[in-house]
Amino acid sequence: MQNTLKKKWAEGLPVTNAWVSSPSAWNVEILASTGFDAITIDTQHGLSADLNTLIPMLQAMRASSSTSFVRLPANDPAYIMRMLDVGVEGLICPMLNNAEETEAFVRAAKYYPDGNRSIGPTRASVVFGENYMQTANQHTITFAMIETPDALKNMREMAQVEHLNGFYVGPWDLSASLGYKKLANFKDPSFMQILKEILAVAEENHLITGIHAGNPKNARLFADLGFKFLTMFNDSSALKTIANNTLDEFRNNTGNSKLRGY
Amino acid sequence: MQNTLKKKWAEGLPVTNAWVSSPSAWNVEILASTGFDAITIDTQHGLSADLNTLIPMLQAMRASSSTSFVRLPANDPAYIMRMLDVGVEGLICPMLNNAEETEAFVRAAKYYPDGNRSIGPTRASVVFGENYMQTANQHTITFAMIETPDALKNMREMAQVEHLNGFYVGPWDLSASLGYKKLANFKDPSFMQILKEILAVAEENHLITGIHAGNPKNARLFADLGFKFLTMFNDSSALKTIANNTLDEFRNNTGNSKLRGY
Amino acid sequence: MQNTLKKKWAEGLPVTNAWVSSPSAWNVEILASTGFDAITIDTQHGLSADLNTLIPMLQAMRASSSTSFVRLPANDPAYIMRMLDVGVEGLICPMLNNAEETEAFVRAAKYYPDGNRSIGPTRASVVFGENYMQTANQHTITFAMIETPDALKNMREMAQVEHLNGFYVGPWDLSASLGYKKLANFKDPSFMQILKEILAVAEENHLITGIHAGNPKNARLFADLGFKFLTMFNDSSALKTIANNTLDEFRNNTGNSKLRGY
Amino acid sequence: MQNTLKKKWAEGLPVTNAWVSSPSAWNVEILASTGFDAITIDTQHGLSADLNTLIPMLQAMRASSSTSFVRLPANDPAYIMRMLDVGVEGLICPMLNNAEETEAFVRAAKYYPDGNRSIGPTRASVVFGENYMQTANQHTITFAMIETPDALKNMREMAQVEHLNGFYVGPWDLSASLGYKKLANFKDPSFMQILKEILAVAEENHLITGIHAGNPKNARLFADLGFKFLTMFNDSSALKTIANNTLDEFRNNTGNSKLRGY
Amino acid sequence: MQNTLKKKWAEGLPVTNAWVSSPSAWNVEILASTGFDAITIDTQHGLSADLNTLIPMLQAMRASSSTSFVRLPANDPAYIMRMLDVGVEGLICPMLNNAEETEAFVRAAKYYPDGNRSIGPTRASVVFGENYMQTANQHTITFAMIETPDALKNMREMAQVEHLNGFYVGPWDLSASLGYKKLANFKDPSFMQILKEILAVAEENHLITGIHAGNPKNARLFADLGFKFLTMFNDSSALKTIANNTLDEFRNNTGNSKLRGY
Amino acid sequence: MQNTLKKKWAEGLPVTNAWVSSPSAWNVEILASTGFDAITIDTQHGLSADLNTLIPMLQAMRASSSTSFVRLPANDPAYIMRMLDVGVEGLICPMLNNAEETEAFVRAAKYYPDGNRSIGPTRASVVFGENYMQTANQHTITFAMIETPDALKNMREMAQVEHLNGFYVGPWDLSASLGYKKLANFKDPSFMQILKEILAVAEENHLITGIHAGNPKNARLFADLGFKFLTMFNDSSALKTIANNTLDEFRNNTGNSKLRGY
């Protein structure tokens, strides 16, 4: 199994993550060729969640050095095991609220004696080799999302759950559920203070902290603060943005005056 | 059937075209929401060519004002009829060399007495209504690609083929097959001269001229020259470009000096 | 977002609903073209439940005036959020038994502060616009199925759950679980009395009442009683019926006597 | 291999055929359960033409007594062989004009020495048994469409092509290409006269004659004339028709007068 | 519905089962043609779990005498009902720990009054006939997996759950969770003793016992002990094994010495 | 681009080839993990021919050292270009009869000035890098099948077609079309003599010779003769064989006498 991420983290370096909302193995193959350290398929809010979409997406990044992540739809043991069985290396679990839920998440991701993951690594043993079962517990990466008021309250206990590797901040749900009017506003000092506290708790417990930074500029901001797993790209919004920019650029710059407003 | 394109052309306006290489109905739905006048699915060099990929792509743009085009894989009557039967409105035929081939292309796209398209508009009659057959011949748009030395030689005869609506310049194959070292080089005056001649022949024959401009800047250039169907966006290369730019922007601007070269 | 249904309901009019059991975007596109007010994809008992089947089905009805519904497989928050994220407008939740379950259902369908739906409307924000999140809570339609003895007992409390829009009667499961020998028998006065009571409770609480009427004749019956969401068509059973009728009509009417019995 | 059709023909009986335009294995499974003698997947004008759609359709009818047919997209040897390799039993070839084309069609469907079909019956040998190659030439059914003026002119020569099993009349293309205003008009005596001539030529040459009758009433008409392969059902148009009828029946018969016109 | 299995069991005969991990209707069709008594699609650890993969797999075995089983991903009532609605005949439920969980499993698989399965057998009623609902409770086969220490402790109570048909031993998870170093080691007398106890409890309660035997040699061993449902084949591992053997055989036996070790 | 094959050939070593008839990316991923030098997807007689099946198959072998081949359905320039555009490295063209056809095949596979392949390497440039176009002509491997009497007659001229890399013998079609009763009979000296002549002609022209050996034993035979591209495995027939063997082994060896013959 690849240790690219863990190596970078050991050197104190942050890693770059691309978020995939489109149900497209081709998008994954393109992104894997550009050199992101990690590629996360969003099975909660993205447009792919089923094996016949996900497996080709995983196959499409296997030749690259990108590590495969899935953001889970829920804290569902059957789904967690399935993702690992088909070869996913990292899991981001949404909507966790306390240590008990976090422990259930992590245990579902680990074989006996560390957890209760059922045996049957159908694709994983083809991808990572016949001895996959011996090394899986060490290599599978688990991130607990911090995105609810309860998680904020209980994060110290959550951080101590054995075999948890990190926190992943969901700034949209977090700011909404805390009652902020402007969501995921990284210019609001009170909100940034909360994010720094999450980071501090994580660091005390030797956990990695990740965040949905949204773009490279914000990713830089969070890298400088100490975040180590930086989501800075989303394939669906990138396409929308660049398509809109293309039309704008054409319309605004043409010499033909009739073209302007249309 | 929609006449957006023909209306704009009647007013002397160029239309914007997005090129879809990815096999993705979701990409099409995103692009259709941004307001391109036309969306062309490339079934020659793109990653979709089969009905179970193409039909969802067409369904995904039906709610928009974008007109659906397909660049054909070849001058193949069965494929031409199939594309029209499933609701495609415009066809771009590659690798045509002379008037005879062009006429075969156009006739395959038109019902008797204008051509020999076989009857059976399964999806088209659901999309465009039960009287589709009465109006199809007028509305189906046909573009002949000019991309081979033979086409260049024979373009005057090709331009006179009845029911042909336009030329579509393929600058990559054209420059390669003419022996240019640098392909699709719009800064080379000799190559631009050839493109202007194609445009002139088209205009003499009241044909629209389209071109694979590649980006909005080049599209502006060709719009100003008189080209009226401007491909300025490709979904697959856009994704590659913006992903690379994201990583570059993150790496170059971070305050953490260790991040630079990695 | 479309308000077709809410407008009709405001005028006291019932709406027509087609039920889709087949995993077919093409069936949806045909039904959407015929003018049903709503089209419900059955992800509980129908043959589609996964995103790669459902998304094309939703895309295929987007160009029409039909409002998209999904009958959920279960009261599962992750699935509820996913359906809304991909653009479904109405949800019918099966097997609810009491107010608590009903509230959990409705809260999963609403953003903070009305509920705990997680943020990430990937396709919904493309379909309904960038301000989707501001209006979603008002527009998403929620129906609680009344189909168990417990629901019948608790329907008064269920009807008072905030943000619930209606009851949807499942006459098959309801009659079975009440011990009726003949299921969904609309000619049985005792069963009809139960349906009228459900309607009465709904009306007292300003809820819409829907029902699986099965065919247009029964739909008329229920429309006259005051039901306002009338499922009168199922694509799979329609195909079976009309195919059988075709063979019968051919065999019975042929002049060739040898054809009769075969 | 099944001989149901050939048995019925030997007794002078016509066979019933359902036409499948939808890309749906589920539709095929439903139709196969109703008892059609043959089910024809239309790969020319229908919405399925690719192996990953067609193979499940063929699997879905394998348990039934229905014989599988494909209407080909064109007289294309590679496609013909592929259809037979995946287990199709009967082929209907469109747009044939003369004996030479007809012979090319039939030869592509037969192994040496009767033709030049390449060896590799991947699915056919699983479905029909390991000795498939020995019996395939006898069992594969070949129909030549008569739907062009040239075919009408040359049908006597076409009828004598060795191993051809029948003519299949395409009344829409035939009437259109003969210049009829009203297409496929079975009430026009001049058009019926042409159909009878085709039948007569077929009978002289011991060929079966099939026709796109469209509905059971017309199928009865043609059965009485002597046609023996009667297409009387189309899954896509059936769905459209019955959906429209459902809405009409509901709207016209409701007691609530406000419902009428809407 | 087929009673092949129940007939064999009534005669005291074991049945052969093939395990399908690959998401492949074609694999299922091949295996069904070889004569396995049952074919089990593994939706827990295998690569198929979604309807658009599973339905073609079920269609592909319908023409055979093989009985269809699914190993469930979890004890999830919605999934259980869905599997039965699409025509699965037997269910194997993993990770059950006690009688309560077992009863929930069985009740989800049975219609009222034996359970709470919701009504809507969309495909089942096409496959097994219109009276499917009357006979389903008798024919659906339910196996509870014995693979956790809790199940071992509680198996006597589990065995008495009404309508349960059998135990299915998962030797991998069972041996792992009991702390065995060597997993599924059928040569370890202490482990074999446990398996015999499971068998004994099952036999006392007139239950069938199945086991993941892995290969025909072990299947013979367990058949001789009294196990009656013998999984002796896995499509994915079979392919891996035979491919490796092929390369080995070629490399070792070639006369060209340069080919050895490469 | 990978040069594994060309390196082995330069050393005089034969390469091992697995033939894939199943439409399964998973099968390809398994085979790629076992170490075959080449994997050939059969789009002529196999069950995959369309991009949405083929692309995942190619992605599934990208991480391995196996070189990707496709056996084409026909000598069709549009299909040839498409295969190369999506990243296939080697092409095997069936049913070639003479030098002219062979030259058309090779020219469709090469860019100007070596041929007329149209420009648009959508996936190939992602897989092999941005400079793909500069190196493609050198790396694309072309095999002409020798499987018809005409090819046998014209093979000397075919062997001299520029840029052709090898002959691939199709022993089934070749023996059938030559009138052999027993097909592909490698024990028939007269047939073996023909194969040796093909090999001799190839060697004189510095061409590689491949053959459909079918199993490792025959592959060894042909390797010793000098054949350098040895197809020794077919995924579909392997599955059928090993499944049959499993059932046989279980039935024959069980101690329970009742199990024999059943």
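In this document, chain identifiers A, B, C, D, E and F correspond to the written order of the chains, with residue numbering beginning at 1 in each.
The criterion applied here is as follows: a residue touches a chain if its C-beta (ideal position, glycine included) is under 8 Å from a C-beta of that chain, and two chains touch if they have at least 3 such contacts.
Only a predicted model underlies this, so the values are computations on that prediction, with no experimental measurement involved.
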Contacts common to chain C and chain D (chain labels): B, E
Cα-superposition angle relating the copies chain C and chain A, to nearest 5°: 120
Chain B and chain E, separation of their C-alpha mean positions in angstrom: 52
Averaged-CA centre spacing for the pair chain C and chain B, given as whole angstrom: 41
Gap in Å, rounded to a whole number, between the CA centres of chain F and chain D: 35
In chain F, residues with contacts to at least two other chains: 23, 26, 30, 33, 47, 50, 52, 55, 123, 126, 236, 240
Chain-to-chain touches, reported pairwise for every pair that qualifies: A-B, A-C, A-E, A-F, B-C, B-D, B-F, C-D, C-E, D-E, D-F, E-F
Chain E partner contacts - residues on chain C that touch it in the complex: 21, 23, 42, 44-50, 52-53, 73-74, 76, 94-95, 147, 172-173, 176-177, 179, 183, 236, 240
Touching residues on chain A, where the partner in the complex is chain E: 50-52, 55, 77-79, 81-82, 85-86, 111-113, 116, 118-123, 126
Residues of chain D that touch chain C when the two form their complex: 11-14, 16, 18, 22-24, 26-27, 30-31, 33-36, 47, 215-217, 219-220, 223-224, 230, 232-233, 235-236, 238-244, 246-247, 249-250, 253-256, 258-259, 262
Of chain F, residues touching chain A in the complex: 25-26, 29-30, 33, 55-56, 59-60, 62-63, 123, 126-127
